[in-house]
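Structure below; questions to follow.
The letters A, B, C and D name the chains in turn, as written, and every chain counts its residues from 1.
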């Protein structure tokens, strides 16, 4: 249960099978610096390059193909006081007919106020003078090495995770990834100080972070990333179009309800049909991300007195 | 500001230009019976036929093409104590590769307990013995006559509304529809006692209702349905794939923020980029439905001291 | 086997259940004037309006719901010497990222030389001075009344046909449509003097025509339009995205090979897997169109000595 | 202008940056053995593994990022007398509603008769006793190393090529690929003895080949694969859904017509609008493939007396 403090000196633009930056035991905690999507670190020095330079990979001892890596997100602390976004809305989220009227892309700086727990445009646009949403740190891109010797761009995502840009990958959440190589080879980075659904300007508020995660190997098999927050469990699908991402996420939830909650396809459909929520992680990257989410209070009903099964646990 | 109590004797399976069942003034309230998606009324008598038999159309005096019809949902009261759903999950939400394993479609009865405010399977599947989500009435299908003499099946949806199956079309919500014919010709029906996102079993809990709505004509133009709840404003896009529905909804929200909140494309993208939420109405019907939603508290920030502009109002 | 010469005085922008313009017997031939997509007739007088004003509907005696209407296209004769197109390429066929650079839409006149059998831009763009493709008349929009009282815009298409914009709906082709109302109620119009795949400028070369078709009722049931040329048989799917249109067309071909050629799902897959061709009718309208096409010479092999079964015939 | 005879001893399931198997000069010819999609060689020995084991990579001297690699396909000779396919039709090409009725997947052997120039099922299904389409060899999967250190599964495709399964990648065709790494690193394999559009049974007739290609470096930049046959030029887009693949291909053709034929966006749209053909390479793999094709005879018209510019050449 050691805690490792890691300061990277190189960054990766693909998630693949590279030499580990560190070997950790299952259950260990890693505190690591991450740089922003364009490669700027805590001092705004350009130490990496686009897209989404990753910190890692961390070799988790005992992880074998077919296992699951649990990543508990303990803490995401912005390591500088500014982040940046793009404007205007991405071409993927607007009717093609209006794209000719879209202003050119610009970069904007946001101030991150950790004390107040808010973010704010450095030079607010007209009408946004008082606009100041909450600081809501999240991980944009993280995951494990994919199968078969692939090395996938950190611009996109796949069953192994990657650039999912889902706002519930936030402190307190546990994420699970399907392991395809010995040691899992875990990468993380691309932190956002805030982001709405869909990453519809093509960025969150991009900044550098100190991220603290606890890594644990589970001897069970999953097909797509899964997660648990204090309130919900969710599964992730990454694909285009959104329909296919939603199909992957829904199919994975159906499997989960069968494996851990004893619900057959019919029973699971009763539960999901009435309480499921779909979230759009991103609708910007080469693969889009959809989460299929279920409030845990309904799973308590399902388990009766025994209470909900810890998601990701084997029974 | 009259209140009209309407008991239909015929129902419609297309939303088009039919003879009005009733003429009402702008501002009037209508209390109308609706029957379930398969045509069963409050006594479970088959008085209509699939798909989604509609009550209406209501002619709203003063409504002209180019106007907007505001529909405030005052109350949705189930008019019987049972509803029904299908199982298993729809073929549209699962990976094609697993569809061969899907059990055949069945119909299931749910008990609706208005006192307790819950619904419950009459014959619970194994593991769902205590599963009892809240009664959360919503309108599955409603809207106004489309443009150009079209008559659109109540199985689908379009800019004029229709079978959107979005759970926030619920009591307390105001919905706006773009008017294309004199009198707007408003239809409603297909009430659900409960439904998760996506209508992923192909139904909500389908039942008959007494629905109470207040209809008001606004002299302004919108392109797609919009809505307002106590907490949020939202816009609706109806299309396949989900990507296109999302584009329609997002484009309509961009227009709204420009028209009513004075935000240009760049400012609107700052706001939406950080706080937007996407909801999936249905991912089952011929046209899918996506809502682009923004919490109203952020619009208060946008308007500063003046407070939020009542959505749907002209300035 | 009468021949009817019909000069319309009104045109329709929806395909639905309207009063017939003419009643004909099964086997009769209709020679009818059609006007162009914007409503211009042979004298370039504006006698109809957008979108795609239709001539019809023709009531074919004996046609009942569940039957099939065979439409043999005998002749498509342009009735004036000019047609028009739009430029540039439609927003649906270009990468969203390049749409900002797209020039504004313009209308262009083409000269139709029936003697030479060619078409030519009246004011050729630079580099196109000698560009003169063949005159290849086709029907952009035709079909029969849809089911359930629907009235569908002639901008789009559905199982009943409509605005498919497929270049093989040309002289010599027989098209089949599924009948949903008594008399079938057949409409036609939107003739093109020429068009590539996909109708990617949003138009073919739009002009008025004298169209001659022979209408015949078949006592068999199909689900989607089918067709036969001198060389090929094909099935049509209309939907978005293209993937779904392709699924509809492929599924209909699988049914056809089973019904008329005795091929089970496995045998049909052997044939289709090696020889199928996919054509894109349009990738511009609300519903896209994909054709699944098979050269008839392979069906001869399938039938052995008996030779190919006339597609559309019942056995 | 040397000719190299290469017998591989290892095969690759990703297209990435591996050590070259051979270094060749620009203009050299390579004759190489390829094995089938499941790893069987000319003697039906299993010497590689799924998916689509590749021969290569060939380092072409002088190729630098930003260049184009021209691959002329001189000859594709099956190196054994049998190939195999799957049945039935893939789940991606059928309506989801009919997938429950799909028979389970089976493998089938085809006899390849090089003398007769035909293929034939070893155990013909009922009705296919005389079905014997032409032997039409093609390359299913080939391309060059992608950018940024990616290693992409040979199950899929991308701007660098890969598993496109397009039947016009056949003898006589020249294909062009955008170079992203020094030496280009060219891979090839996955030969098919025959295949219809779409690879709709999930395979062509998979067999081992002796493939002969001539590799040439061009000092020009392209974004997506391009090709030229005796009759046509074409561009390729790889993505899901088909709509996006079609957008990539069309956008690349628009660029090509501008660069090499001097057509601006408006002129190019006139040409493409009337004569373009779309082909579906595959509608089965993770990324689908669409070709945008133009008969060269029209480009002759465009160039006037000067005749068509050799595609892929710089001017």
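In this text, contacts are C-beta pairs under 8 Å (C-beta built on N, C-alpha and C of every residue); 3 or more make two chains touch, one makes a residue touch a chain.
This is a predicted model, so every value here is computed, not measured.
**Q** By mean C-alpha position, what chain is farthest away from subunit C?
**A** Here the answer is chain A, farthest from subunit C.
**Q** Between chain pairs C-D and B-D, which one is joined by a greater number of C-beta pairs in contact?
**A** C-D
**Q** Averaging only over C-alpha atoms, locate the centres of subunit B and subunit D and give their separation in whole Å.
**A** Roughly 47 Å, centre to centre.
**Q** Where the centres are mean C-alpha positions, what is the separation of subunit C from subunit D, in Å?
**A** 32
**Q** Tell me, which residues of subunit A touch at least two other chains?
**A** Only 92, 96, 102, 240-241 qualify.
**Q** So in the complex, the part of subunit B that touches subunit D is made up of which residues?
**A** Checking each residue of subunit B against subunit D gives 91-92, 96-97, 99-100, 102, 104, 241.
**Q** Under the touch definition given earlier, write down the residues of subunit C that touch subunit D in their complex.
**A** The touching residues are 85, 87-89, 92-96, 98, 101-103, 106, 108, 119, 121, 125-133, 194-201, 203-205, 240-243, 246-248, 250-251, 254, 261-280, 283, 288, 298, 301-302, 304.
**Q** Along subunit A, where are the residues that touch subunit D in the complex?
**A** 13-14, 16, 148-153, 239-241, 244
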